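There are two complexes below, and they share chain A, which is joined by chain B in the first and by chain C in the second.
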Partner chain A sequence: MTAQAPALPTRFSSRFEGIDRSLPVWLLAALALVFLMALPLGWLALVSVSGEQGFTGAHYLEAFTDPQLRKAFWNTLVMALWVGLGSLALGAPLAWLTARTDVPGRGLVRGLVLASFVTPPFLGAFAWVMLAGPNAGALNDLWRALTGAEGALVNIFSMPGLIFVVAIYTFPYVYVMISNTLELIASDLEEAGSILGASRFSVARTITIPLVAPAIFSGFILSVLQALALFGSPAILALPAGFHTITTQIWGMFHYPPRLEVAAAVSIPLLVATALLLLVQKRLLGRRGYAAVGGKGGQRRRIALGPWRYPAFAGCLAIMACAVFLPYGILAKAAFSRAWAQPLTWDNFTLRNWSFTFFEYGSTREAIVNTLELGVMSACVGAALAALLAYVARRKIIVGHQLVSFLALAPIVIPGVVLAVALFIAYTRPPLLLYGTLWILFLAYVTKEMPVGYSQADATFRAIPPELEEAGRVLGAGRLRVFAEVTAPLARSGIIASWCFIFIGVIRELSASIILFTPNTKVMSVVMFDLKEEGQFGAIAVLGIFMLVMTFGVVILVQRVLGRDFMGVRD
Partner chain B sequence: MDQGRAYGSKSASKSASRMLLGTALIVAMVVAGAALAQAPSVEAARKEGKVVWYTSLAVSSAEHVAKLFEAAYPGIKVEVHRTGSQRVLQRVMQELKANIKNADVIHTSDAGHFVLLKEKKLLMKYAPKGVEAFPAGFKDPQGYYYGLRATITVIAYNTKSLSAAEAPKGWKDLLAPKWKGKLVTAHPGYSGIIATHVLAMSHLYGWDYFKQLGQNGVMIVQSAVDPAGIVASGERVVAVNGGEYTFYQTKKKGNPLEIVYPKEGVPLVVSPSAIMAAAPHPNAAKLFTDFTFGREIQQELADSEGLYTGHPEVNYPSDKPKLKDLKLLQADPEELEERSAEIKKRFVEYFGA
Partner chain C sequence: MSGVRLSGLTKRYADLAAVEDLHLEVAPGELVALLGPSGCGKTTTLRLVAGFLRPEAGEIWVGQRCISSSATVVPPERRRMAMIFQSYALWPHMTVQENVAYGLRFKPELSGTERERRVSKMLKVVQLTGFESRYPGELSGGQQQRVAVARALVIEPEILLLDEPLSNLDANLREEMRFEIRRLHEAFGITTLYVTHDQAEAMVISDRVAVLNKGRVAQVGTPEDLFRRPRSRFVAEFIGNTNLVETTATGPSTVAKGPLSLHIAADGLAPGAPVLVSIRPHEIKFAPASAANMLRATIRRASYLGTAVDYEVQVEASELVLRVTAPVSPRLKPGDTATLAIDPAVCVPVSEA
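Right after this comes the complex of A and B.
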């Protein structure tokens, strides 16, 4: 967007002097949102009540009375709440340690959190099958070798196993929220407390925690929402154990003969549940938003941990071992092994998995190209759209700017599977037949990532004082020109960050893709899931490692070129 | 070009019919059909440039067949889209509903799919070259689909964990409580092989068999290919089903795995192949179909994949039992089609997912 915008004002300025030509642009952006959301969700609601003749409530009746579905609803709820709590337990201490203390290796830990964030949850789940499968898992093997025990230390094919694996890939959301907030709180408030004689504990209780509470709570809600919407990890860990979550059930309804109407009817309660969660968040937080801790950060002094420095560091590493070292270790081993469960000896070493994946398996190359294409395209369009919308809403440029903000954030309540069901229904029929093309995936990704991109862009514009723009306007520049020449350069790094967030989100997306792909529009995550269902461990490991390297490569490249750590950490 | 030959052979058969009796007419029609089958034009196929193959053949085997075809007919690419039988059907139906015509050749292990597709008039009538010699179980009487390969479903166990004496000998042995937490099954909602297996087994022992088996905390995987890997890795000790050919391949690779052929009978799974009526590359599709049903590929499927085939001239590896020495349990395609939803529903009821 930063590349396009400057061209606009110069091209039109001579002909339309005096009119604020930006209005159509803003309106168009807002309209795009309506089309991304209103049309698919409208169809979803309609299909959920349509029967053979006219309207019917039968599908809802089935959704709520079918014992299998009820079990799945319950499982989803249990998993999501525990994942929320688990993510807090992992993310909050880690954020505090890296943001406020002198724990060693802070940069390293942040890098590892990024690695965990970039890892698609289904890939992590798959790696953990190899680590903690009750009989062949490497960790359980080790446990038996060390203790001589008969049984397993952990059984990953269980509800606790599922919760654990989902939490270690969801906590980065909590981490980013809390560490960003902690970075914003000036330590002078806390120091004032100390000077007035409060103990370290009561400073934490009366000053720090209340200030961070909104972030903690938002992080919790966000993790719960992520877990609710997750498809890959339950498919890999819950199905073998003989239980479903609602996402795997919805996916199952697409199997032949499809039961689209029931899928729609099950989707709507899920949609309502997420919407309610966000409403609760708003109510509970009241007016204490980020503004309470906003403003320009003052001095921050790091808390000396003393003798706890290294134990704390070890704790950080232990978490990261679960999320990054162990999984990628076992993936690397599987990628080079004939048989992944056997020791990696010379006899077991092979490059066959690599040659198979890249030279024999026909879907690989197309999937990589599709994934990169969609990732870059969605990130560019998404970041541009998010920036425009955030700007419109923050500067209150059009009537109904609150609506723009609401719509941009609204997709956060739509789980990926539900969005996919809605898009599938809306775009497999005229006038817009998008199913079978990359466009339907593109729509899904842009919609799904809009809230993240928008929040990031909004935070960026909030930090840019309007006075600078007003100066530009006073000097006679149009709105778009000011945007291009004053605002955009200032907002550059923030917009890059939202680009990175969207890009990563697209690369690791599975829950919507699994419903919207066709054989010609496969993406990497779908290919990996296909291979998983056939038990091709070696090939998945190869693709997983390739995917991590690719994502990191792109993100680092973008950051290098533009010079900013996109997780919003200042050093 | 095809058209010309088709007309030519039809008129030839007509002139024959005037001279011969009714039975001879039928013979002539068959000959004409064979002549027609021999007719796919390589030129026309090459012009189409590729053939799109929706297949449930294990991915490495499928890519292997594709490479052999591409080597035999340079300039015609095979686009392999491999997934489980039920997903293949799902894809085809979803795409047709959205008016996408992508698939040329479809191949799954659920013969019921082909009954359904034939009824919906989605298949092209085409007899691959030489297929007359295949046994009856491999041929659709109306000539729309033919069995490309066959396998049986068996029990397999990990030889590191179990001796031959300890291993289960028959299907009913798997119901013993001592196997709790040690078993793995593939899923009829994914795999056509397993859907066929479940139907055939339900005829042998009734649904009660699966109900009891479900009590043993069986791990559920999707593809009939997967149990082999699970057992080889030691994650579970015994596979209660799975495609025999995948166990055979896994064992051949040196994994600690042994196959049990229960003498009460083993379900035979014939996996049909057909050309879609709306195939975008019909000539390449015919050429590819002829190629895959030819002696060379059928022998290759037996040699490198450990599959059984309908081709009478195929020789099997000496370490595999002959089909005629096994008691085979058959599943009727029509019944498989009719009861497909029930099979999946019951499986979910007994096994949880």
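Right after this comes the complex of A and C.
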């Protein structure tokens, strides 16, 4: 067959016939993205180097020489590294047990890890204040009652306490990375080793662990990143203990007198550190594909634990008790008691916390309305924008589609506090004066959640073969029409899922909100923070439970829509 | 050099027998293919031999060693076997060199230089010299396959197990690799069990083929044995195309279907007994002269296949329809009549099972 098709001359009936009329839509989406990312970050960088007369490096000098700031940097580093190690210690064995062994209750354990994954870390921190506060903490009470000792067993207001509370809500990142990788490694690879003469131990040392190593490192890096960006837990646990992390320090710079320029100068190193860590992680994952090479993926067979089955299960439950059972228990108790530190008796039972929270306390109702409004709005706009952008990038519709994908994923490296500083600077001055309105929060949320929504949308479009659209276009439908009538219906469940991820992210958001709120624009997490100042733990518990119920409702919706649990996605 | 003996092997998965009372003997240095449709238990049998599974009943012997029984199973790493997996199971984090050398790590008696020598010799055998420092992900499917072969052979195993090793290759390469594996077998002479669902592959590669059906051995024999003298409907149908004719015995070596009478390759049939006869399409000739089994037939369909023509013919005065594979010339058209000559030797009685 050597015959070649003759080149057909192309003729358009008019000059515009050759132009794709859907182009403005794609361009607009891309421009919105650039605007969303570039404006605040540009201002952030500019303000960090601007002095009274022109450019200056004074703010950076201050950021790196101020002893208090240096201490905060150091504390952040110590905390983040230990959180990373702690997350490995918790997540790796759990992942191996549930992915590769016959430990009982694997579904339950996975479900509990998911619960810990979606629990707002600051809520966990509140719960652990009630559990392990040095004076009235429930566990310390129990300890005193059992042993007659005077002092406390544990003091959660300490660096180890902080590390512990952050790690039990961060280890799911390690768990997800490792268990997803273990799921990819076919048993063949291990069996090939053992038939060649390798003992079980040799197989683990030479095959399994090297294969999982990239996932272990990248899970570690993700945990460190989470810890670096965290504001709530340090604010709740470190401040009473008398030390700062960099996020609480930045937050402090917004108190009177505000030191915006220094905040910007401190934010930039944090941003760079995050970006570098993420780069390392990408390198690790991209080095060699570690899915089964060649051929059909083999089956995965579970390792029989024998007599260790139940001890292993007990170990899993012990971890989950710290992350889920105990905190949820104490929140429930606090929500229904007059005094959360008193025993759970009928005398102590009350519904007053609920009526106080929802009907009496000044800002709660407004905050709930704000939160829901913002959640729904950000999720709708964010999911739609993410879908358009992911589509543009995946189908390579416009020039610079690589940039689209880069920008949409870029906010991953922006800690919430830094984003808030950037937005604060950008929108407290013309052309857009948004500070003091819900719009600035809306922008913060859409930006912050864009990577999550985008990844989900991208995964969805990747699964839809372009031929399905091409078949429609050959029959005469334009790109927009095909998008609306073919692609969108096929992508529906994926887009609903991305809506849900954004919604969950928004209703629990604290680190950006705490800087951007004004008295008229409080959201739930901020109100909970206020309630802590007043010592209203009952009301915090009520709001926390309300938040958890909403979150789990949406999680269940996602599972229904996607037909699988969603921990595979948010990596 | 030792052979392998499987006796009464049984493996159940939740009451469902994957392998049931399976007997098979592999002579030292012999290559036996386990052939059967999916779900026939061939891979389970192989995994039992490898020691990845424990049988519920029966035993596996290698030479004078019992390596599996329901009571004890020698773990895979102490069986001195090698296995080539369907997925190749190459370790993506190791180079070609490291993959191939892996099994030698567990032979402490070998010196470092001896190991290197063996690896490079083996890579030469599979024509992968120069690829030592590549990772498996950087090789083509055929090259990955050859790495898997080298990794298995370099340890000079007592027994070699292959689990559908060619099923992930494209058609041309698959054919090439069949001869390659046969060549390697002849060079090394390792006792080999080869699992496949592809009968052409089994026939090219093996000394003997064991056809498995529902967890049991339906028939063992040389490829020619199986093709020419199938013992059951299953084997006759599974190996190649065939015509199966339900007849009744009329004499010790004659059967009838309605008015038709056929001489077949049997003696001692009890008159009146039902007999199922298998006749390979290419054994039926359009020919004028033959002593026995002359049938008049009308051509119903003729399909040109290049080297032959596939006919469907209606035997006159009978309901019987046969498939006939005949040379391209002389060509017959639908509606033509012809005389069929069937040598009694190719009319093989088979059992229903």
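Following the convention adopted for this analysis, the second predicted complex is superposed on the first by the 436 of 571 C-alpha atoms of A that agree within 3 Å, B and C clash if a C-alpha of one lies under 4 Å from a C-alpha of the other, contacts with A are read in each partner's own complex, and residues count from 1 in each chain.
In this section, a residue touches a chain if its C-beta (ideal position, glycine included) is under 8 Å from a C-beta of that chain, and two chains touch if they have at least 3 such contacts.
Everything numeric here is computed off the predicted structure, so don't read it as measured data.
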Which of chain B and chain C A:211 touches, first, second, both or neither: second
First, second, both or neither for A:197, with chain B first and chain C second: second
Which of chain B and chain C A:436 touches, first, second, both or neither: first
Partner chain(s) touched by A:189 [first = chain B, second = chain C, both, neither]: second
Chain B versus chain C, judged by how many residues of chain A each one touches: B
Which superposed partner A:362 touches (first chain B, second chain C, both, neither): first
Chain B versus chain C as contact partner of A:313, first or second or both or neither: neither
Touched partner set for A:520, first chain B, second chain C, both or neither: first
Residues of chain A that touch chain B when the two form their complex: 68, 133-137, 157, 238-244, 248, 252, 254-258, 338-341, 356, 360-363, 428, 433, 435-436, 518-520, 530-531, 533-537
Chain A residues within the chain C interface of the complex: 186, 188-189, 191-199, 202, 206-207, 210-211, 213, 288-298, 301
Residues of chain B touching chain A in the complex: 52, 54, 58-60, 63, 66-67, 78-84, 86-87, 89-91, 93-95, 97-100, 102, 181, 189-190, 217-223, 225-226, 228-230, 232-237, 253, 255, 341, 348, 351-353
Residues on chain C engaged by chain A in the complex (per definition of touch): 50-52, 75-83, 85-93, 102-103, 105-107, 135-137, 141, 144-145, 151-152, 155, 161, 168
